[in-house]
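For reference, the structure discussed in these notes is given below.
Going by the order they are written in, the chains are A, B, C and D; count residues from 1 in each one.
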Amino acid sequence: MMELLELFGEHPGWYFVAATLVPLLSFVLILLASAMWCALRPFRGTPVCDALFNLFGGEERGRTPAYVATGAIALAFVLSLIGFIRFTAQQSQFETQIEQSQRTLHDLRTRAAAAQGKDKDELQEQIEAEEKKLENKEKMWESARSYAWQGHFDWLRIRPAGLSDPDRGTALQLGFKIDSLSALMFVMVTFVASLIHLFSIGYMSEELQPEVEDHQVHTRYGHLVRRGRFGRFFMFLSLFCFSMLNLVLADNLFQVFLSWELVGICSYLLIGFYFERQSASNAANKAFIVNRIGDAGFILGLLILWTNLGTFHFDEIFHRLRAPLTDSHGGLQLAGRFVRGDLDPAGAADGRQSLKYSPNGAQVVLFPLPQDRAEHYHGVGPDRDDRVDVFDSPKKDQHGAMPYWLLVAAGLGIFLGCVGKSAQFPLHVWLPDAMEGPTPVSALIHAATMVAAGVYLVGRCYPLFAYEALLVIAYTGGITLFVAATIAIVMTDIKKVLAYSTVSQLGYMMLALGVGGWVAGLFHLLTHAFFKALLFLCSGSVIYGCHHEQDMLKMGGLYPKMKITALTMLIGVLAIAGIPLFTGWYSKDAILAQALGFVYVHPQHLFLFLLPLGTAGITAFYMSRLWLMTFTGKPRDEHVYEQAHEAPWTMTVPLIVLAVCSVCIAWGWPVYDAEASWLEHNVHHAQHHAVLADFGNIDYTVSKDHGEYWVVAKKAEENERLYAYYNHHLAGNLALGLVLIGIVFAGLIYWKRILDPAEAVEQFPGLHAFLMDKWRFDWLYSVVVVRPALVVGSWLAWFDLRVIDGIIHGVAYLSVLLSKWDGLFDNSIIDGLVNLVGNATYAAGARLRNVQTGFLRSYVVFLVVAAVGIFMVLAYFVRMAAAG
Amino acid sequence: MALTDVLFYLLAAMTGICALAVVVTQNIVRAAAWLLFTLAGVSGLFFLLGADFVGATQLLVYVGGTLVLVVFGVMLTAQSPFVNMRISAAEWGIALAVGLVLYGVLAASFLISNPKGVGDAQLGREEMADSILLGQALLGQWQASPQGTMSGLPADIHLRNRLAVSYLLPFEIVSVHLLVVLIGAAYLARAKRRRLAGPASLPVDGTDVSPPVDGQEQPLGAQT
Amino acid sequence: MNLAVGLHHFLLLGALLFVCGAVCMATKRNAIGILMGVELVLNAATINFVAFARYNPIFQVEGQIFALFVIVLAAAEAAIALAIVLNFYNNHLTVDVDTAEELKG
Amino acid sequence: MDLVLAIVEALLLVTFVAGSAVFFIWLERKVAGRIQDRLGPTRVGGRFGWLQTIADGIKLLVKEDLIPADADPMLFRLGPYIAFCGAFTAYLALPFANGWVAKPLSIAIFFMLAVMSTEVFGIILAGYGSGSKWALFGGMREAAQMVSYEVPMALCVLVPVIVAGSMDLNYISNLQAGGIWNWYVFHDPFTFLAFWTYFTCATAQCKRAPFDLAEAESELVAGFHTEYSGLRWSFFFMAEYGAMFAVSGIAVLLFLGGWSTGLPFVPELSSTFATWLGSAEEPSWLGWVIGNVINVVVFIVKGWLLVFVQMWVRWTLPRLRIDQVMMTCLKYLLPISCVLLLGVSVWQLAVSPWVEPYFRYALCGVCLALFAWMAWKVWTTRSRLPVTVTGATNLWNRGPIPPELVQKS
C-alpha cells in the first residue's frame, strides 16, 4: 500500500493507470461473484452454501453489481480528475510565468516610451533583461507544449532463438502516455461513463426481477421469459470502460490494438444484450463483422509499421518518421515533416545505400533515435546536404528508408480500422443497427467509448499520416457527415436519428483531422461526447417514459409529461446544432474555420468546406425536428401519451448534470470569444508539432543562438491555420445562418405544422425511398459482398464436407483399423505377459501363505532357525577366510 | 574349587533348572515363580561377579517391578488358572529340537573359537568396576571407552577422546524413554469397558476376576 | 574344560537361558508366558554382558552399563507388553495368542 | 575360612531377627494394652507377660500345618519363605555399628531396598496359592500397596543420599557423628520433611496400620495369610517385624545419625575408644570393640524407638480404605517426594553454602524445644491419666477431672 502511495507521489501518471484498472477490478469482482453464485446455486440447502449463496446475492441478486461498477467508474473519475488537475497545474506553471513576464515587458516598454533621461536607460536595461528571460521562457513554453507523463514496461519480449540476454530483441510493451489530450479524454470518458452507469441503474431496473418477460421475442409458448441479467449488464459496462480507458492510456499501437479488440467484443456483447431477439443478435454480429473488416486494415498497418520501424511506441514511430526540429546547426527547413528521397544505385557500400533528397521521392527517410542530442546530428534536406546513407535493415539508432507508398498504406490501414470503429462512410452501416442494445449502451458507445476510439486513434497517430492519407480521411469524413445527415432527416425512430447524427458528427471530426484541424477535431470529440450522451440519455428517458416506444410518429406533446427530459434534451439539441455559447458552437465553428482555411489554400477541395457547412444546417433541422416531434404539438398517439411519465431521479440527475456540462464545459474567457475556449486551449497542448509542420508553415530559419523555433506566419495566404484563425467568425456566421434556417424550417413543419412533410414525400418519392433505405448501403453490401461470400462459402463448404472430411474420415478409419490390430496384440501378448507375472506372483504368495501361520510360536521357531542358519553360514565363511 | 566356584555352581544350577522349569510348567503362576528364582539367581551371579549395582538393579527392577507386573497381568487376565493352553507334542518336538540346535551352535561357537577361555581370570580378583567407578563412567569422569581393538575400534581411540565418552546422555535418554513407556502403558491399559456384557465365567477355584470397579486390583490402569 | 569357573561357564549359562527363553516363546500359547520367555532371553544377554565386564577389563564399565540399559529397557518392554496383553484380553476375553489371527493371510 | 565367617554372620542375623520378632510381639501386646485399655496383656503371662510370648512360640511350633484342598501346594509353601528371605536378606547390608556389617556394600541402601522389594512376591504367591478369594484379594491389595509405596520411599531415601553423596550406609552414618544437629533430619527442610514422608511410606511398606489393608479383618478375613497356620504363618510375622526393624534401621542410619549418640562434641565412638585405649599410630581393637558395642546398643535402641512409634500409630489411628491408601501414595506422597528430591538438590547446590551450619542449629533447636514441650505435656498429663467408664482415653483434657469419673484401683 505504502509503495503504491509513493508511486502516486513520484509519478502522477499512475493516477490514470489506477483509474484504468479500477473498472477492470470491478469487472473481475462481479464476474467472480456471479461465478460463485452459479456454482453455489445447485447446492442450496446446506447452511454454509446458503450463507455463501446469500452473500453472493441470493435468489434475487440486488443492485450490488450496479453499485460496484458505478462506484468503480466513479472512483476512476475521481482519480483521473485529480491526475488531470495535477497535470494541468504542472503544465501551466510555465505559461503563467511567460504571460506574467510578457505583461511586465509590455508595461516596461510603455513606461520607457513615456520616460526620458537616465531612468530611460535603466528601463532599457530592464527591458533587455526581461527579453533575455523571455527567450528562455520560450523554450519552457515549447517544453510545456509537449509536456507528457509516460512510462512503460516490457510485456513480452520477442528475441531471435538462442539470444539469451534480455536487452536485445524487440519487446511488446505495456505503458501509458499522459498528455493533456489523454488526460482530458480520461476525465470525459470516466465522467460520462459514471453518469451513464447511474442512469442505467434506473433504466435496467426491470432486469432485477428474477423473471423478465421479453415482449419482442415470441416463442411457441408466448413471450420469452428469462432470468434478469442486471449484474451481467454492469459487468460488461465495466469491461467496456476498462477497455476504452486502456486504449486512451496506451503509449503504443500494440496496446491500442489490444484494447481496440476488447472494445469490439464489449460492443458485441452489449449490442447483443437481448440476444434472444433476432434483430439484436443480427446487429451484434453486424457490428462485430464490420469492425473485423476495419481491423483487417488496422492489422495491415501495424504489420507495415512493425516490419519497417520495428517498434509500436508512438514517440519512437514519430521520431523515426518525422524530421527532427533542429540539428547541430539550428532549425531545419523540413523540420517535423516527412523527408522523401530516391535511392540511387550508386554509392552502395557495406550494407548502406545513399539516399538523395527529392521533394517527391519514392522513399521516406527514417531518422535515428534518440534525438535528444541534436548537437551530434546533421540534418537532411534542401538547406543541408541532400544526401544521407541509409542502412538496408537499419537499427533504431541508424538512418533508414521505407517506401513512401508503404507509409501511405500504413496510414490508410490504420485509418480503415478507425473507419470501422467510428462508423465512417463505407463501414457506417453497423452503428444504426447498434441501437438494438439498451439505450445506456448506445449512449456509451456513441458518446464516450467506442466511436470516440477511432477519432482518438486518428488524432494520436496523426504524425504517421502522409498527405494523401490525410486527404482520404478528410473526404471520408465529408462524405460520411453528409450521408448520415441526409438519412437522419427521414428517420422516425428517435434513436436511429441520434445514431445518424452521431455518424455525421464523427464525420465532422474526421474531416477536421484530415484538413489539419487536429485541435478542432478532438475538441469536437470531447464536446460531442457530452451533448451526445445527454441526447441519448434523454431519448432513453423518453423511451422509458413511453414504455419502450421508440417511434416518433407515436409521440408528440410529451413536454408537460416530462419537463426535465424535454428541457435537458432541448439543451442538447441546441448544443449539437451549434447555437452560440453552447459547447457545440465552439467546436463546430473551429472545424468549419479550419475547413475554410484549407479550402482557401487548396481551392480544388472546395467540397471539404461546402459539405460541413451545408450539413450544419441539416443537422440543426433534423435535431430540432426530433425534439419538436417528440415534445410539442398535440400527441399523435393517445395511448402512448396517457402512459407517458417522467423518469426516476437516477435517470434525471445525469440528464441535468450532462445538460449543465454541455452548456458550459467549453467556456473560456471571454465567453463570447470562440477562440478562447478553455477546453480547446487544453487540447492544443497535446498537438504534435507535425500538425504545425504540415499545415502551419513553421519557420525554422531563426538561427540557433536565438533559441528554439517558434511559429510565425510567413505567408498568411498559404497558411491554413492563420487563415482559419482570421476567418473564424466568417465561417461561424455562415454556419449560424444555415443553422437558424434549419431550425425555422423544422419549427414550421413540426411545431406549427404549417408545412406538411407528407407533401415533400410525395414530391420526391424516389429520394425519400432512397433516404429511407439509408442510401441502399445494406442492399449494396448484400449484393456485392454478402451473397458472393455466401456462394463461395457454399463451394468451400462442399469442398470441406466432401474432400477434407473425406480425408479425415479415411485417416480415422485407418487408424481405427490399426488400433484394432494393436488392441489384439495388447490383449493377447502384452496382457498375457502381465497376467503371467501376476499369476506367478499370486501362486507364489498362495504357497508362502502357509508359512504365515498366524501362530507366534511358529514365527519364533522360524526366527531361531534363520539365526542358526545365518550363524553357520557366517562361521563357514569365517573358517574359509581363516584358512585363507 | 574355591568357595566362589561352589557358589557359582549352586547359583548356576538354580538358575538353569528354574529356567527349564519356566519352560516346561503349564501353570502360568508357577512359571512366574520359577522365573522369580531364575532372576534372583541371575542377580546372585551378578553379586558373585562383583557387579553389585547391576545385581541390585536386577532385583529391584525385575523381581520387585517387572515380575510383579507380570503376575498382576496373570491375575487380571486369568479366565481360570488351569485353563488348557497346551500345544501339540509335534510343536514341542520342533521347539525342543530347534532349541537344542541353537544351544549347540551357541556353545560350539565360543567353545571352538576359544577353547581355553579368555585368559585364566578367576573369580575373586578385585578388578570389577564398583558402583563409584560406574557413576564416574556415567558422568564421563572416568574413561569409559573401549581400549582394545576387540570391539573393532581403532587402537588409538582412547588417546584422543578418552574423557569425552560419557554414558550420561544415553542414561538420560533411557530414563525419559522409561517415563514415556510408563505413560503409554498406563494409557493403553486404562480401565475400559469389557466388550462382552455380563460377568465373566467364574473360574473353577472361585477366583473372581470380574473387571475391576474401583481399580484396586489394576495397578496399571487405576493408579495413573 | 576345567572346573575353575571362567568366562565359558557364564556364557554357557547365558546360552542356556537364551535357549530356554526361545523355547518358552516357542511353546507357550499364553501371552504372558511368551513375555516370560522374552525376559529370559534378555537375562541371558545381561549375563553375557556382565560376564564380559568381569573377564575382559576392556569392558569392565561398558558391560555393566549395557546390562543396566538392558534391564531398564526390559522393564519398559514388560510394561508395554502387559498393557497390550490387557487390551488384548479386553477385546478377546483370553490371552491365547492363537486367537490373534485377524491378520492371518 | 570365609565360609565359616559367612555362616557365623548369617546365624547372628537370624537370631537377631527372630529374637527381635519375639520381642516385638511382646511389645506390641503391651503397647496395645496400654493404649487401648486391653486388660489381657497387662495381666497374664507372669511378670511383664513374657510367658505369653513363649507360649505363643510353642503353640506355633507344634500347630499342624494345614494346606487347603484347592491350594497350589508348591506356591503355598513357597510364599512365606520368599517373604521372610526378602526381609531377612536386607540385614546383610545393614550396619549395626561402625564397620560391623555382614556384607559391606558401597550401595548398601540400594541393595536393601531391592531385596525388600522381593518380599512382595512371597505375599502374592501366598495370596494366590492359598486358593481362597480372601487370600487372593489380600495378596493383590498388599502387592499393589507395596509396589506403589516403594516409589516414594525410594525417592525419600535418595534425599539424604544426595546430601551425603554416597549410598554406603556406614559412611552416611559416620558423616552424622557429633552433635545431634549433625543428624540429617535437621540438615535442611527437605531432609526434615523427607524423614516423615519416608517413615509414612515405610509404615505402609511393611503393611502396618493404618495401612494394613491386607489383613483387614472387617473386609477380608485375614488377608493373604488367611489359610496359613503354624510355622509358615509365623514366618510371615517374622518377615513383617524384620521389615519393621529394617526400615527403622534405615531411617535411623539415614536421618537419625545412625549409632552416633547425638551428644555434642562426642566424635564417632569406636575410633575414639580405639585411639583412647591405644594410640593414633596403632589403635587398639579392644577399644574398637568397646566403642562398637556401645554403637550397637545406641543403634538398636533408636531402631526400637521407631518401631515403638509404628506400634503407637497402629493402635492409635483407624484403618484407611484401600482407595484412600492408593490415593495417599500416588496423589500426595509421590509428588511430595519428587518435590523433596528436587528441593534438596537445589539446596545442596545453591542454598547450603550460605546457611550452613546455622540452619541445622536452628531447626534442631526448634525441634528439640517442640519435643520437650510435648514430652512435658505428656508427662504432666500422664500422671493423672483419666480413664472414663467407657474406657476411652482423653490425653489432652484440661482442668480438674470430675472425681466420680476417676476409676479407683
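Please note the rule applied: a contact is a pair of C-beta atoms (placed from the backbone, for glycine too) under 8 Å apart; a residue touches a chain by one contact, two chains touch by 3 or more.
What you are looking at is a predicted structure, and each value in this text was computed from that prediction instead of being measured.
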item	value
Of all other chains, the one whose Cα centre sits farthest from chain B	A
Interface with more contacting C-beta pairs, comparing B-D to A-B	B-D
Whole-Å gap separating chain C and chain D, where each centre is the average of the chain's CA atoms	36
Whole-Å separation of chain centres (CA-atom averages), chain B against chain D	31
Where chain A and chain B are represented by their mean Cα positions, the distance between them in whole Å	92
Gap in Å, rounded to a whole number, between the CA centres of chain C and chain B	6
Sequence positions of chain A contacting 2 or more other chains	857-858, 861, 864
Overlap residues in chain B, where contacts from two or more other chains coincide	53, 57, 65, 72, 87, 91, 94-95, 98-99, 102
Touching pairs among all chains present in the structure	A-B, A-C, B-C, B-D
Touching residues (chain side chain B, partner chain A) in the complex	87, 91, 94-95, 98-99, 101-102, 105, 109
Parts of chain A lying in touch with chain B, wherever the complex brings them together	857-858, 861, 864-865, 867-868, 871-872, 875
Contact footprint of chain B on chain D as seen in their complex	2-3, 70, 72, 74-75, 78, 82, 105-107, 110-111, 113-115, 117-118, 120-121, 124-125, 128-129, 131, 133, 136-137, 140-141, 143-144, 147-148, 150, 167, 322-323, 326, 330
In the complex with chain B, residue positions of chain C that touch it	3-13, 15-24, 26-33, 35-37, 39-40, 43, 46-47, 50-51, 53-65, 67-69, 71-80, 82-87, 89-91, 93-96
Complex interface listing, chain B residues touching chain C	1, 4-5, 8-9, 12, 15-16, 19-20, 22-23, 28, 31-32, 35, 38-39, 42, 45-46, 49-51, 53-54, 57-58, 61-62, 65-66, 69-70, 72-74, 76-77, 79, 85-87, 91-92, 94-96, 98-100, 102-103, 106-107, 110-111, 117-123, 127-129, 133-134, 137-138, 142, 144, 146-148, 150-151, 167, 170-171, 174-175, 177-178, 181-182, 184-189, 192, 194-196, 200, 220-221
